[in-house]
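Take a look at these structures.
Heads up, the next two complexes both have chain A, just with different partners, chain B and then chain C.
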Partner chain A sequence: MTVSAIEFSRLGPPKLRLYAMRCGSCNTLQPWWEKFHCYACGAERLTEEELAGTGELTNYTVVYYPPRDFLGQEPYVVGHITMDEGVVLPAPVVDTALEDVQLGTRVKATLRRMKLGHEGDVYYSQKFVLDTPGAEA
Partner chain B sequence: MRVGVLGIGKTPHKIQHNKSLRDLIVEAGRTAISDAGVSPSDIQMLYVGNVGSVGFNYENSTGLMAAHHLGVVPAGAVRVEAACGTGAWALHLGVVAIASGLYDTVMVVGAEKMNDLATVEGTSVIAQAADSKEEYFSGLTFPSGVALTARKYMQTYGLTEEDLAHTSVKNHHYGARNPYAHLRFECTVEEVMRSAKVADPLKLYEVCPMTDAGSALVLCREEILKDQPDKPQVYITATAMASGTWYAVSDGLEDAHKLFAEPAAKAYAMAGVSAGDIDVAEIYNSFAIQEPLGIEGLGFAEQGKGWEGAADGSTWIDGKVAVNLSGGLLCKGHPLGATGSSQAVDIIEQLRGTAPEGIQRKDAAIGISACRGGPGAVGAIHIYQREG
Partner chain C sequence: MADILRYGAYLPKHRTPLGELQSFYGRPGRPRSRTLATPGLDEDTLTMAYEAATEALAGERAPAALISVSMSSPFGLRKMSMTLSRALGLAADTVPYDLGGHPGGLMDAFALAAALATGDRPVAVVASDHQVSYEERVCDTLSAGGAAAFVIGASGGFATLGPQARASSEVYDVWRLGNEPEARYRLEVLFDAYAAAAKGAFTALEKATERPASVYASVAASQPHPQTLRGLGKLGVTAEQLAATSFVGEIGNLGAASVGVATAIALDAAEAGQQILAFGYGAGEGIAQAIEVTAAPPAIGAAARIAGEPIALGTYYRWTRGRQAEPH
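Up next, the complex of A and B:
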């Protein structure tokens, strides 16, 4: 993805955080991009809410042909994490053998380099690692 | 509603390094104009379906480019874009333009020139059809987004990877017989299973190739075609569009089903036919799992059973309904903006009885095309009927 420095300054900082949008009307938690209206009930009052960072891998795939900015990371696991707060977020799962990943695996968030743009734009954001008791993130 | 199909045209679907986007537009467009027996100056409005010329070809204003080089100036011309549903949306606008009574003759062209870029660059352009700034920020691609749907479907309905592989076997059986298809070889379940992994559980033979192609239709008022009884009497009798979620996280199996089921119900009512009347169907299958989803959405099978027809023969050429006799996107390839119009052209050939040997359904009289985009965001249904 090609971005300008101006766009990078807008897109980059929010990606460092792990948050979701809480609907002020039906109380549903929505992914961070649902900032205009609630996808469940349509209400327009949503507020940002930080997440604790733990959840369960409820769907996943292994990407063998990545987009340009992820070249060198393949094959990588990317999936849907159902956070303990209930919202489903898309994210990569890293630092694990492919065969150790399965539906229901407990995972926790960790701040990592997400991808390298070809114009020197480096994005950091939340990836997930296996949430093994006692293991370092 | 009845809109006459006066002419159709298409280019081969393949990697065509010797042709530019405008070459594909003009080749398909001129073929349709010639088939219609009209001249470019008879065209009163031009709808050009093209998804990614800015990304694939570093050029823009595809509608205006097409109008100039097809010689339809001063008729109005516009580019239409709705992800993978683009060609079907261009067709919808053309059909509506005639049905409104405002125009007598309009033209629809879909075209995409994808192979000027390497696969890794092309994948990035395609990913922009989803939310590349947010959801796809974390490494999703179209194949991997749909792979998540495939896993969900397989988990929910207890499908094995071998079960799904039958869909590719069927498509390749017919694709091998379609001279316009990109991939022209047959394969077995074992070969599908052995093909390279693309995005678990989807494998190479379950994924469409990136293709260069164009396809076009000249549409007219019903009376204009009726007055020319020597021409094949094929009419578009229904058009229905829908939108769904733009995000994979909110694209559940029910959502993916409704994306076709709801517009299909409207289209059947509009045409006065039912699912059981359909002889031939072209169903969007850029990834194998989307064919069973489409079969179910159109009402040809219950949810969870759409894959069975490829295994038991009921969606083969002599089956209850023949699905994707063109070889589908799995073999034709998926020239994004040209896919919807290509599905229409292939169904119309079936109804005219001019499909290539080995893929012509006997006495095909009623056909349907179903195009998906986004992939959960666009549902587009058209019904076609032959008279006489």
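Up next, the complex of A and C:
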């Protein structure tokens, strides 16, 4: 089967769905990029598992001088999200004032553009927005 | 007949001050809209459709089909319904449909969804648009972005899709030159066409339902320009019927999403027993859809999203310049 370059790229960070890798031996959930190695037990059989998309910001920084793919979006928050399933993922937190973000802030995943490829192709991935109960989506 | 089971709406958070923009380009006159609901640099029709559809599909049964309505990039050459279906994690047998060509397409999608929905599986309908206007022409189209989504089932919803009536005429006076991201048009022709199409569609709907425009609790209309809404007054639509659903003067023209966002706002405010008239318009065609509210809608607070966060003129300029290099 021929795999398109764009399809192939979705095997990496740019992807349409948010998932993590479940270890078949010790059941630990690892980040999406740990395709072949469990850092808890060393097993090599991991399978994709979809995440509910909600979690908590457990570490973050504010980017004022972004890499080229993010120019024009600064300043923005990049953080570690501890997902409700337990796995920690790095991701941008968008559409928020910097002062509204702190450790422990509840966030939920949404789909955003991550970058434009050098040929102008659009790469999508998961970013996070504040998850305020009762507030607008 | 079919029912609306749930709905969702999305407006980007950023608001561009149109008055400042006009004076920056030395354009005379009062701005036609207070602000523009401007999608962020990492947003487009797909991401906005995803937001609206996620809200509408929350807790719903897996749809049999996903109908996507859009007129803008980056899905001119690809099936947005298919990519959206994957992004939403819908079942592989979800049939992807795409409608384009004019901003009233959501009404076509309602008709298609009503025909496709079964007792077991509903049909999801999503309208999402971001018509980019930029540089010195930015004040003409009031372009902005947004999305609205509806889940249509054979029965069991809070509102019934009643009769639909349309008036169609050929309007050729909107086109695009070369790589221009923004359409060119003859505004006076489009104004006349809106009035004529509205009259034709409203008259036909009145015939089908035996109800005059005055019975509707609110009228949720496509909003290409504030003046077009005022034109509906000639058809007996009162300012009161438009008060809650009018946003073009606040956030601009949302293209194909316009009538959907207006309908979401109307449903939010509706009570059981009330009637709503949705009016989709585009390129000479007007489509009037009667909606009968049978139970309290699962309100989403769409009207509260009209307010947003202002962005600086420089930010808007950088973002719209970036859009010019975009894939179509």
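The criterion applied here is as follows: the second predicted complex is superposed on the first by the 119 of 137 C-alpha atoms of A that agree within 3 Å, B and C clash if a C-alpha of one lies under 4 Å from a C-alpha of the other, contacts with A are read in each partner's own complex, and residues count from 1 in each chain.
Note that a contact is a pair of C-beta atoms (placed from the backbone, for glycine too) under 8 Å apart; a residue touches a chain by one contact, two chains touch by 3 or more.
This one's a predicted model, so the numbers in the text were calculated from it and none came from an experiment.
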Kindly classify A:R113 by the partners it touches after superposition: chain B alone (first), chain C alone (second), both, or neither?
second
Which partner does A:Q73 reach: the first (chain B), the second (chain C), both, or neither?
both
So which one touches more of the residues on chain A, chain B or chain C?
B
A:Y64 contacts which: chain B (first), chain C (second), both, neither?
first
On chain A, the footprints of chain B and chain C overlap at residues 73, 114, 127
Enumerate the contact residues on chain A facing chain B in the complex.
1, 11, 15, 31-33, 39, 59-71, 73, 75-76, 78-80, 88-92, 103, 114-115, 123, 125, 127
Interface with chain A, chain C side, in the complex: residues 8, 10, 13, 40-44, 46-47, 50-51, 54-55, 74, 83, 86-87, 89, 300-301, 304-305, 309, 315, 318-319, 322, 325-327
Can you check the complex and tell me which residues of chain B touch chain A?
119-121, 123-124, 127-128, 131-141, 143-144, 147-148, 151-152, 155, 196-202, 245, 247-250
Chain A residues within the chain C interface of the complex:
16-17, 50, 72-73, 94-95, 97, 110-114, 116, 120-122, 124, 127, 136-137
